[in-house]
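Just below sit the structures, each encoded as structure tokens.
Paired with chain B in one complex and with chain C in the other, chain A is shared by the two complexes that follow.
Let's look at the complex of A and B:
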């Protein structure tokens, strides 16, 4: 069909030269159709869910008009000007708006963490412990520069002892066979605490110190130091670390004295300022110094001013906004029997805590396995075939249905080890196992993508395998590893079936404040709402929950994309 | 294997002054006792006492049978620094090098030329055991550096590569700053005294300093291809190796960048021993003092002074290759 003329009229090359492109065209249109179909479906789904959750049409039309003129129109005009005349300014505009928003969300996450899990004193003790451990390692490096094996022990043991000390142990456990329930072994042992951790030593001394001071020391100071070094590196002259650190710490400290006047707890201010204000400041410093796209800074200012103006106008004229299901109350209250009062706070915290477990489990194991398989594992011979078998099975594990992993978690962690069902750590471990193969595979891809020429260059310089992995392979593969891990975490946060299997609660009134508490996660709560009788639950609250989940996912994926772009540009 | 086959105390790379490259085996202990410059006594080294060691492939050939291909003018004293003897390399079942014996002279440029696939890059990689990184590669025979067979079990290839640097065909700077690239080797070896000064010296030595002086913190990937290759050379000489191996260092570069690299190689030969693989015969003729010609099948066909190889080769096959009749 397509080639019929090619033999006959092969001579001419003008006009109808007989070169057939029909199949190519058809293929092109088909692929375009598939792409458009996917896009339309996703958009329709999102529009449907957002409409249910936010109910924009319940607002006064004038309300829409006011915000359209004060916020949307100026923003669109500005963006259009940026992209027609001053492209760098457009990038600056997006970044200088996005960084504070992402920072605020991350800061809110930290606030949750510090309310629910850690006191500032605990965190301070942890950071001081790590600093002490680093000092011990450094000291060892200086006094015994050649004792490599010994240093390995120091590197592992020093942080461990600094953080946990040697705690009192009191083990009373009976291990029994899961099938026959006959007793296998009973352990009953108790040892007193031999060494207090750095945190334990510090805690009595810190009772008089206000929490925000500790947070400034243990959160703002390290972050500001990192930013300071980044600024110094960008400037190229290595100066500016001290200015940035002193400036940031001063700003945050002064702010925490002022914050109570605006109804913000000083501790919360410290966290929010560290995650939102400092990065924005550092970014703007770079923009101003490079003098490219400075006009983009106008965008967030216009946006903020428009919001303030719009709010003032709608309040003045008494225009009703949409009666949205999702809002501050929804995010900060537990679920309820009345849809109007229902919220998603406990499952939100549950999901975040579960993510903490997953990250601490999956990142080191997954990345470690990927590096071993790519860099160290034998490729030939009998052991090479074994490695190949393992790799194939990791691929298979990635395809095992999540409900099966739920069963595994139930059998392994609840029935086997004897942890309580439905607690955070069981959920985290189970879902962690589920995404582990995905993390391994994506990290392997990232490590494999490091050009061999770089490895050869490093070996050619007389670097050992470890030095090559550490200094050449890992830095180069890290953005890919991070992107893959974050995407896998995005999948983890949406998993429902394993949570059902391990007995996570449908809804909990109190947010978990430890890893051994009963918890509910967002998808589990959404599933529970879907079986409520009241249609307001099924169509309103549920949609709001879905939107919350999607926003968290979007945020994580956005972070992944930012990381990828950032490192790709620096190459 | 670890035990040495030849026992000739007193011999050192200094005293081989015969036309033929001589087989010199020192065991590790002897080498340690005999610093290179200390041995003044000249010894006729044609037939070292041979103690055959069953299982060692190189021991099966008495050294008197061994001759380097091609005669060289005996006038100048030759300072051998590294030599290969009966070197065979296999990739799986395929034999990439056949019985290669050669002695590389110190502080000279030695060019290795030959058609594609003749094993010249494989041969170069034998000198710093880069073939170890290729899983299917197997090396038989000896490569002697300072009297030690570098393929002995107790030789650490990492330590060896710190003495024998390498520059690759494609410029392969690390995605780090220019400074960090040059400092990489020194930092790897925990040798960071006067780091700034030594980086500057290496860059000056590699004729790159004037072009990058103010931009040491810029990414090395922003440099042009020729600059990157000189950076890779700077990186290799920053750790002050004894030998620099170059695997077609100019083949990916334009003529101007190539001529800069060639100038650089000639300068480097004042302080370092340079072994360069090239498929460009004019380049070999321009910059090298000695030339080894490999032909298909991984054979070293002729090895001698560059002038003699290019003007009056002994082997007809080499003449055909040099005059462009094949290859």
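Let's look at the complex of A and C:
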């Protein structure tokens, strides 16, 4: 803390008028120093980490020169141009580069899910089941419009039955008193399978259909419809939906025929194209139509062309790149006792599966709680006091140490419900509870930011509270809610202590294939590597793991910021 | 529901709406009450095993004992408490001055542009996973401090605590800055009118006016430091050590153990679920939960109770 000492000497020349100016200056610099102190320190330490993980200096100097001239220099020149002369183009440049990258990463997450967790037929069955359920609900709405309670049951049961059916159940459990461990009652019951799920009905019919066709139908089509609606709303015409759907399904389908020529499985192409190509296309359509910052589109093109050119040149001249610890092998292989073979694939899959559990658990509950607290909760009287207590309680829960949540997970899910320790669902539930207060607080802020005039207008037109909430408040607050949720998910992906407490494995050789499998997660694996004494582990593999985790976080936070910026601009 | 008016029913529709509205209200209330259930189940899950632990180990021995060697059945929590306090104090020594000064800069001195860059940048610090901070402390900070001539063990209290301090800077700075920004401009202008310099206004008017928020931020940040786990597990070692009053600095150079890392050690060691070591985890967890919950509540109370109301 050299700054503080210099402040002391600054105050040393106490005098009169000139002094206070010096004192003020010194103080200003001191405060600035304090602001950047943590930033500089962490940035410097992270620079070491990146250096150890990527080892840029192990590359041929000419390799650096080639990429500097083909990629870095043009990119910098373009950015400088945008910065000085065409600011909207700069935004477009960042978004049109960021969207495909984020899309590719999200798509890779999906690819991993389809490799480890489900088949295209499973997913197709799930989607068709949900569509059937929606149709049943709609039918109920038309035939019995007044039965609200009945409809709640239909809304809950129809999707459940469509997805799971009534499977055969085999319950065998002994309940014993917790203190004396004497048996109280033993339940041993088995029921036959009564009703197959929609997926089970469809599966035999689908064996002949190639996976990618199912994925086009069950992934590309719904996504394209969503984007199509957005485009149609933006343009204010009726053709948007059809154009986007036909265009994207056609593109993806044609691509799947071509993809094998480039060594990409058609199924994977469908997923990656749907998450990366479609959003980019929709974004670019908007840019071209608005005619602001169209020049920004040049940035990703120049970047991509530079990369291709650089790769071609380095290959042609045989220039060696850095022998980085991070690479395709690192991302796709399990850990190993030899540092050169160690990878992070199983924990990566574990983290992805855990995120799936967290999203399905936390998002609805968190948003529901936020809506209740902001829109419905009474503000006065005894019940108002109660609501105030709930709010204080949420604030306090956000401050409870993560290790205590780990104990909660251990006590509640492992010892209480009797799930196995260290399985995906326990990890997801535990970390989900941990981020629940954070999601609620950020969703509350987003809901609170919706201007009251909109609500009043909606009430003025005779809408009820729920109609107002659903049709006016929620759509308006959604970007803010998404931003907050993504940031909270970033927190979830880095949590380690709860995973230690619920017994997540240090390293697993095989990636988990379901929500009831043992798993490890990225931070858990990093912690396991940190107790290795081999310097190659300590400085190489460990650094690579940390960089992978940080890159995932960076992408998630970047996405959140992208969403927030778009939303703020449209206001 | 845009097609609502088209099939508007004048009779019967009202009843249906009331039922539906009530239904959704209760569903949403259910979501909100999940948080209360979580608090309740934390207390229950921890207390359940903690009670069993205190049947095996005398609470007096637990709270006053000065040795924590679980293998020999010695469960004196004081070494862990002093370890936790040591980390918290050192982290506070780093984070509090730096955080408050940063808050003053961001609220009083920074231009809008600098603020729009520095504020989110500081918040990024809070978003880095703790396991990464632990790794930075263990692999990079300790060797760096050694090159400065400080004699440190591989696992030591100093680098872990400094890292925890850096980690909680954003909590201090962002909450303090919120409190300082909420001080009305008229107060500052009044100060300037009386001939005060910017320095005098910042330290003599803004900081005292925002002091309740600033103190609340200290308590929150320190409660975070008390509950911090991964940094201390990775960089501070696992040897419980009573704080030595005769040589306070040497405690910083050696390894130590906090309550949180004792919990991690208990769960990662292969002890049976019925052993006192395993149960001790829950007693520690309950203590930790009580401390942090009380601190958060206190922080809330200070911010509310001593807030200077303007306008």
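Quick notes
FYI, the second predicted complex is superposed on the first by the 523 of 571 C-alpha atoms of A that agree within 3 Å, B and C clash if a C-alpha of one lies under 4 Å from a C-alpha of the other, contacts with A are read in each partner's own complex, and residues count from 1 in each chain.
Quick note on the criterion: contacts are C-beta pairs under 8 Å (C-beta built on N, C-alpha and C of every residue); 3 or more make two chains touch, one makes a residue touch a chain.
No experiment lies behind these values; they were computed from the predicted model shown.
Using the contact criterion defined above for the overlaid structures, shared-chain residue A:155 touches neither chain B nor chain C, since it reaches no partner. Of the two partner chains placed by superposition, only chain C is touched by A:500; chain B is not. Of the two partner chains placed around the shared chain by superposition, chain B and chain C are both touched by A:145.
Counting the residues of chain A touched by each of chain B and chain C gives the higher count for C. When the shared chain is aligned, chain B comes close enough to touch A:456, but chain C does not. With both structures placed on the common chain, the touch criterion links A:476 to chain B but leaves chain C unconnected. By the touch criterion defined above, A:467 reaches both chain B and chain C. In the superposition on chain A, contact is made by A:49 with chain C only, not with chain B. The intersection of chain A residues touching chain B with those touching chain C, taken from the two complexes, comprises 145, 463-464, 467, 471. By the touch criterion stated above, chain A contacts chain C in their complex at residues 4, 20-21, 23-24, 27-28, 30-39, 41-42, 45-46, 48-49, 145-149, 152, 178, 364-369, 371-373, 376-377, 390, 392-397, 399-408, 410-412, 415-416, 433, 436-437, 440, 463-467, 469-471, 487, 490-491, 493-497, 500-501, 503, 523, 526-527, 530, 538-539, 542, 546, 549-550, 553, 557. Contact residues on chain C toward chain A in their complex (touch as defined above): 1-2, 4, 7, 9, 12-13, 15-17, 19-21, 23-25, 27-36, 38-39, 41-42, 44-46, 48-49, 97-102, 104-106, 108-110, 118, 121-122, 124-125, 127-132, 134-136, 138-141, 166, 169-170, 173, 197-200, 202-203, 220, 223-224, 226-230, 233-234, 260, 263-264, 267-268, 273, 281-282, 285, 288-289, 292-293, 295-297, 300.
Those residues of chain B whose C-beta lies close enough to touch chain A in the complex are 128, 130, 133, 135-136, 158-163, 165-166, 168, 170, 172-175, 184-185, 188-190, 217, 219, 221, 232, 235-236, 239. Against chain B, the residues of chain A that register as touching in their complex are 145, 233, 236, 378-380, 451, 453-464, 467, 471-472, 475-476, 570-571.
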